[in-house]
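Chains: A, B and C, in written order; residue numbering restarts at 1 for each.
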């Protein structure tokens, strides 16, 4: 139950942030940290706990974003309802991608490659089809209202993201404390051994990718409502896929707080490098790439792994 | 997320300090400091362009034009009604990406700008005007021809130059005019366009209106920006044999299309572009005279008879830059803002919006009527017809601004 | 509508483009065949090579084709160093880790290029750049025709090196049986680096042949990465012939796809092939290992 307490404490600490932080800039920082942490958490479920590294998570993100946009613009669906439906859409895409890939036994690098291909196929489709706005993209008209999932100020978005973050934690908590999760991690540790134990490897992986897809799609809708504009590059491009995997790897794969830690660390890194080096396009991403390589080389457990040595059971990589 | 920019950089420190300074200024105002002390504060104006990415050439040109205006204004004594306050330009890079641009607007808001100018590309302006509207920041669109920009009902958005609706409404009748004068040799057309906001919108309107002047649209071909290879597109044009080809593209792709057509020996009766990205560009004419010869365009242009336009042309060329539409449109956009600042006599965003909305600015060098904004669009703005003749770009229509006659169809 | 008359030129166009793609894929398939690395940095390294050719031309006036003797060894050296001192060390031998390291490298390289050289597209103008070869049924751009011949030549060269030189034999031995190779005294790390270096050297050649028809920009590698992977998977990982044939097939697919479905949608054919091959025939057309 220790991790449940940790989650609650963390959420309680995060709630008063909009009242404590007055600067628009830092509040935006907080929102984006939670956002990237959430995307990372979704990837973490499949990658960190499931051991399946996807390089095309944008496929789910973009589907969520486009679903949200199309439902609002063409069918007049309320954005909150669209959020739920978009999550379903993400799950469906997860089922298709996972269903095909896992059914045909794709693992490791092959799985990474095929997820990349799926994301690219979706990107091209979105770029060509009329109902996704083709090259022009889709824009949500500005009508700030809480019922419209558009907030006049940042706090509204912050709290929405906080709820999504809680959802992410709940999902991971479930994985760490359920039989499903135990099976998933067994598959991660050794697929063949898991199979020998009688675990239906295919079903376990499929469930994980569907869950991951649902969450990632929710993140996509959040992006849509925050920025009010998407196109095929934003929705299905590699930037999102990379962002989703970077945070958990940096923060700690297969740990509950890893993705959020990683997201905050990367955002801070971004800000520090901009202040120190000055803003030039690309430099902060050079830093990200370098950090990724360094973490893989020297800190395979990520930041959480470092902290584990100090804080013991609080940051334990489950099972 | 990448939040980068170049040139006069807008660093974190500067933002945070300027926010603090801004706060202090507001506080001191509330306490009631003397007018003189307050008036010395420069007016912060955000100037945003895609200086990197797919449309970076245009963004860079645009930034140069805007900065020349800022320099001219400051050199002439700043905004007089604000006690000679200079314009403090905060430059950022939109990186040819809509979401990056929107983030920069957020930064501008944090920095307390009084107005924003720029954006260049339609898909960028659609995002930035919205982001600015959320904070009530007055926004002057420099180019962004997509008409949705001024139809979104945003009170803060103002576009001095015409949208593609005006261009199509000018281009089609003038094509008819030119075609009729030559005995109507043109009966079929193919439209080639970039697949984002400006290209798609322009192509759609053209498709609707061309049949009305007796020109049948054989095909409409879209392509992404950037696009490396135009061979297949040119093959399709070759097979369909249209009388004219109508491109609506950004610079690089337009050049590649024209050159590939030359290479594949595809020679229609005319290339008649609407907002052709390279068609009215001295760089294109200079680099590839053979491919550029006789290309016609309906585009932004300055009034060649106005001295201020020619002065700016010389100044631009002295900097080693081509005098392109991004340059003079941005120059005028900043001038428009300066005029509004003078009349508002304030750095308050709402007052500047009112001043822009009621603008009747006539101190420009464009071939426009009197300035009048209706729902953010300057209804006085006009398009002109141009043609590349003798390695130079001439205005062929309307007659009151023309300095050459149309050569139509293209000599074989 | 699409007429028969333009299908043949489109196919020829596709073949020449495909040959260049094959050049890019050759290096990738070698790297996979020997090191079992899916090199995500391949596209970024191609981009670096393109800039190399560009700057040699822009600053020193060296024609891209004459730059071959410079670019090939230079890229070889870069590849060797990267594998020996970065990828090999950081990856700790685990597949997933190595994959992530190459991904990280690609991010670093791409954005370093963005920072150093900005994202303006860089084109070069050569005298023959827009000349064409008249094949009667179609006009083929001269640079593309040269690239086609170049690709065939490089494929043949690579094959010959692998087949008949001591280096090639050692590499093949290593690819087949690492332990055994070590036992007969082969310096595994050095040889891995040599293999990687050769794979990247192919990119140097590809860049020289590509630049006259394309351009250099920091993100151009991305488009090539996916296409190269598709070709490698289609042709069979580790097979040179597969890479060449696969490249030609993909080039034609892309060209016809663009012709029939438009420039944007047309590219989808390539990825559909990729997915289908990965699912149903992961060994590809000519590959041996599963």
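Everything below uses one rule, namely that contacts are C-beta pairs under 8 Å (C-beta built on N, C-alpha and C of every residue); 3 or more make two chains touch, one makes a residue touch a chain.
Values in this document were obtained by computation on a predicted structure and should not be read as measured data.
**Student:** Quick check: more C-beta contact pairs in A-C or B-C?
**Tutor:** More contacting C-beta pairs are found at A-C.
**Student:** Which chain's centre, taken as the mean of its Cα atoms, is farthest from the centre of chain C?
**Tutor:** B
**Student:** Taking each chain's centre as its mean C-alpha position, how far apart are chain A and chain B in Å?
**Tutor:** 38
**Student:** When the centre of a chain is set as the mean of its C-alpha atoms, what distance in Å lies between chain A and chain C?
**Tutor:** Each chain's C-alpha centroid was found; their separation is 32 Å.
**Student:** Compute the distance, rounded to whole Å, between the mean C-alpha positions of chain B and chain C.
**Tutor:** Averaging C-alpha atoms per chain gives centres 39 Å apart.
**Student:** Do you know which chain B residues sit against two or more other chains?
**Tutor:** 6, 52, 95, 195, 222, 224
**Student:** Among the residues of chain C, pick out those that touch two or more other chains and give their numbers.
**Tutor:** 114, 118-119, 262, 264
**Student:** For chain A, what residues touch not just one other chain but two or more?
**Tutor:** Within chain A, the residues that touch at least two other chains are 127, 134-135, 280-283, 285.
**Student:** In the complex formed with chain C, which residues of chain B make contact?
**Tutor:** Residues in contact with chain C: 6, 51-54, 56-57, 95-96, 195, 221-224, 226-229, 231-233, 235-236, 238-239, 252, 259, 262-265, 287.
**Student:** Taking the complex as given, what residues does chain B use to touch chain A?
**Tutor:** 1-6, 9-13, 15-16, 19, 52, 93, 95, 97-99, 102, 106-107, 109-110, 123, 126-127, 130-131, 133-134, 148, 152, 154, 194-197, 199-201, 222, 224
**Student:** Which residues of chain C touch chain A in the complex?
**Tutor:** By the definition above, chain C touches chain A via 38, 40, 86, 89-92, 95-97, 99-101, 103-115, 118-119, 218, 222, 226, 229-230, 233, 261-262, 264-265, 267-268, 271-272, 274-275, 278-280, 282.
**Student:** Residues of chain C touching chain B in their complex?
**Tutor:** Residue positions touching the partner: 2-3, 5-6, 9-10, 13, 17, 114, 118-121, 125, 130-132, 139, 141, 213-215, 217, 255, 258-259, 262-264.
**Student:** Please name which positions on chain A make contact with chain B in the complex.
**Tutor:** Residues 23-25, 28, 32, 127, 134-137, 139, 141-142, 144, 152, 227-229, 231, 233-234, 243, 270-271, 274-275, 278-285.
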